[in-house]
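Here come two complexes built around chain A, the first alongside chain B, the second alongside chain C.
Our next item is the complex of A and B:
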């Protein structure tokens, strides 16, 4: 029996045709699905109403879609550090919170009072600068130490924010409510998700991406072949922070309210990691799939009072089973990278002559 | 012969122990220099100082006119110094070809992605692994992993290659194959510093040998010469044997 394939997204593949066809199909389905999903909300506008068009989605569904897109951004961004570089950050929510507060402060009439576009442009910058700053010491730690230190940083930043009056203190900040802006934020958030995937893809297919993977596989060896490990790690951390901060900024404007609990939510913190791992850490589409699957499950099950308890247990079980049997995630399951996968089963059947 | 690498008075201490104490020697362009010594003599520490893994406490290391002591590993690699690890450190989730290709992207090579795989095939051919290029690291034998370690270092296009016990743990046939590989690499124009325990290797390929003992340079010269040196025999085998062998 050949060893299970252990290739990451950017490595050459012996079964080139098989995987490539599968990927094309996957991309096509994703694009088609995305287009449908993105056009449907247009039927929920006043114009569509006046034309008498059937309303395909309601406001709550638009909200769910926006949330899914938001998590696609966060899971993809986490993947750059946790999946690609092998540094499991448990503090990425700090970037989300910093982005959210940056936007909230920027648009606030009593504070910076900038136009919304400027606020959104600022949202990735502040978290990226913060990541570069704290990344230098933090990224010298590895494994559990890195995980704990990043978690501690996120909690600490949240506590600081909560105690600064300029940032609204414990009350939080209230960006102006934009009426009928559901669709605007859906499209903005989906745009951010596309940007996150595009950036991930560019990185995966670049010298930078190979360097990050080399760091994950063996940091000392990466160094002596010439990878500037410090710069690469901090760079990946800052890019992840920028994307996560963008999601946070959009969230603050969309939600018209941000406080420490929302901005530095430990639920969000864990969810983005679970999504990336469930979908397939280190792959391009893994975190996207993980975010879609998990967020839809959470929204549809955990939000309902009658099944909420069972849903929580079910989600926990699902994750345990995934991590044990398909540690490389959903993408690997379908791509042949796991012993339980469809492709692996087919291969073993062929080999045993059945 | 001009010195490509010049090591002058290099000292490295760990706590109270001086792993290297004022070590000095030169490596000429195009040379294969052997560095031998008993366990704990400081061979690997020296290599770590040259490749930037450790920062020496004192002394200077000059490569091709650049002072590299205390520089980070990636900068030294970029200048054209490649190294292997005694305990191999492959990129485990990749195939042999990918391992070498990553090397070609960095170091002194800095190839574009599109050309890295062709360069990888070249170096795998040179180390005799062309047939195993598409195998994942997990299915490679120990000798092959050692070859891959050399291939990845070579892919960075080094002018100086530091080999840390690439023969250790190999059986006699494998040692012969590895020796042939070292000769092939040398013929391609790479200067080599060979850290070894296996005497046969050193005698087989090196014209000049430096013997380290307790972090100091004990002897320097031709392999035959240093192996007859009473101090060297003593360091390896103890005082009694040294007297008997040399007849002192």
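Our next item is the complex of A and C:
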């Protein structure tokens, strides 16, 4: 009888970290990608245009890159709760929406009328406070029940927001449009993504992170060896909420419009989970990789309405195939002890099927 | 007072639909330990089949229900056997993702076939009803409640009175022990999912008579099935019936009787209750502590 896969992940972790060459390659690729992402958009500015420099990207691609960075933040943040702590949250979009509305209310001339920087600083705080508050009762639940309760919380918060006039009601809120700000928001969002990865790395290597992994593997045992499970879980939940809220706040300012459907979108909710799981839940770069791959796929296919339906069917099939054949995510598939072989596929089928 | 009684009656009748939707969901969750995110999609497949039979062959929606049930039974059996059986021992999240993927494929396939136009089934008696002491009871909703209760009784009978039902319950209780006594796990899993799909199909048929459908109309029903099962408690058909009726009642009363709340608050009410129940009484209204 093969062991359950959560144990296998724990056993494989050190081996994964030892694969220095692979990690170096991955880091190098990420750095190269990041440099390209950061510099290429500069060629799309008016100044570059007047100098006659070749445009490496156009403005629509800047939009796509910003969206990808946004999902890197959300998937990494989800990973702290869903991947590391093992609590499968289905309601992280609540933090996104709360962050978005915090920013929108903060900059609104008829409401708080704060400067943009102050609004961005507030965006992580409100969701984090909310997460700490609801986390205490919610994190007592486990498994499916936790998943559903978080989903319920997200839907309920969205509905409340929609019905409160101060928050724009069903119409939504309109933060002022900043002209020629797409580059600014690209850099802000990429900054948020780097912050999310950095925070994840710090947590993964800290006592806090090992405590969270201990909770995932066996919560009772973790408590017995002295992990304050309630504080740890609520802490992870609040950090994830702060990061997700930051992404939401930036999104609201960037998009110049926020309403309930955008802020509490169930699509976003599912996508961030998919990305983390597809890339490899519990790993540092898995969610990043998942977010980049999946969001580029979605942006390039689903944006075209003529193929959108078929793209969604393709996405569904991709999900099914991934779950069945690559159950531990892309990172484990290419970096872990497994190789792309028929034998491996058959083994993973045997482990999870009847 | 009359208004109150009217709302109670309407709430219970709406609850009937929730019961029908939630029975299959509860069965798959309880026995297979899978939260089936494609459940709403199966409901809508049943709804479109009913619509096709009504629009093309002029078959009464209630008479079409057995045909729909058989078709969905076959579809569910094949789906479980071919796909979901392969991840049945994987961690919780993978089954969620797989069923979400199945949901995407089904919903978008329906979009390709039927486009996103609204379709509805309107037999001659739709819109009519009878009144008792000033309280209106629409025929269709009463019929839907009746069918839902019959489906619940049928599934309850299957589980508790037949050998197949005993095998299904045995697999739900302890799959290794069930295998040891000679139960074919693959077959029983597929059978369980097939029964659930058949129930979902029937629920879809009922829904066509009450609301206009589109390929994406099923998603709210997945969420509502969640709430109903949690509300009633996992594992027993009777608990699902109670959960569905209570949910219908609370939703209707919350929207109409609490001042300041309207139709816009339906989901907020539902999920606020859900979260409260999960925290205060996680085993559900009727559930037993495991």
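By definition in this document, the second predicted complex is superposed on the first by the 318 of 354 C-alpha atoms of A that agree within 3 Å, B and C clash if a C-alpha of one lies under 4 Å from a C-alpha of the other, contacts with A are read in each partner's own complex, and residues count from 1 in each chain.
Just so we're on the same page, a contact is a pair of C-beta atoms (placed from the backbone, for glycine too) under 8 Å apart; a residue touches a chain by one contact, two chains touch by 3 or more.
These figures come from a predicted structure and were not determined experimentally.
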Touched partner set for A:61, first chain B, second chain C, both or neither: neither
Partner chain in contact with A:144 - chain B first, chain C second, else both or neither: second
Chain B versus chain C as contact partner of A:229, first or second or both or neither: first
Touching partner for A:163 - first (chain B), second (chain C), both, neither: second
Which superposed partner A:221 touches (first chain B, second chain C, both, neither): first
Contacts of A:312 with chain B and chain C, given as first, second, both or neither: second
Touch count on chain A, higher of chain B and chain C: C
Which of chain B and chain C A:205 touches, first, second, both or neither: first
First, second, both or neither for A:152, with chain B first and chain C second: second
First, second, both or neither for A:277, with chain B first and chain C second: second
Chain B and chain C footprints on chain A, overlapping residues: 5-6
Footprint of chain B on chain A - complex, ascending: 2-3, 5-8, 11-12, 14, 205-207, 210-211, 213-214, 217-218, 220-221, 223-230
Footprint of chain C on chain A - complex, ascending: 4-6, 82, 88, 137-138, 140-141, 143-145, 147-149, 151-153, 155-156, 158-160, 162-163, 170, 266, 270, 273-274, 277, 281, 309-310, 312-313, 315-320, 322-324, 327, 349, 351-354
Parts of chain C lying in touch with chain A, wherever the complex brings them together: 29, 35, 83, 85-94, 96-98, 100-105, 107-109, 111-112, 185-186, 189, 219, 223, 226-227, 230, 264-265, 267-268, 270-272, 274-275, 278-279, 282
Residue ranges of chain B touching chain A (in the complex, touch as defined): 51-53, 72-74, 76-78, 82-83, 85, 89-95, 97-98, 101-103, 105-108, 113, 117, 134, 136, 138-139, 152-153, 155-156
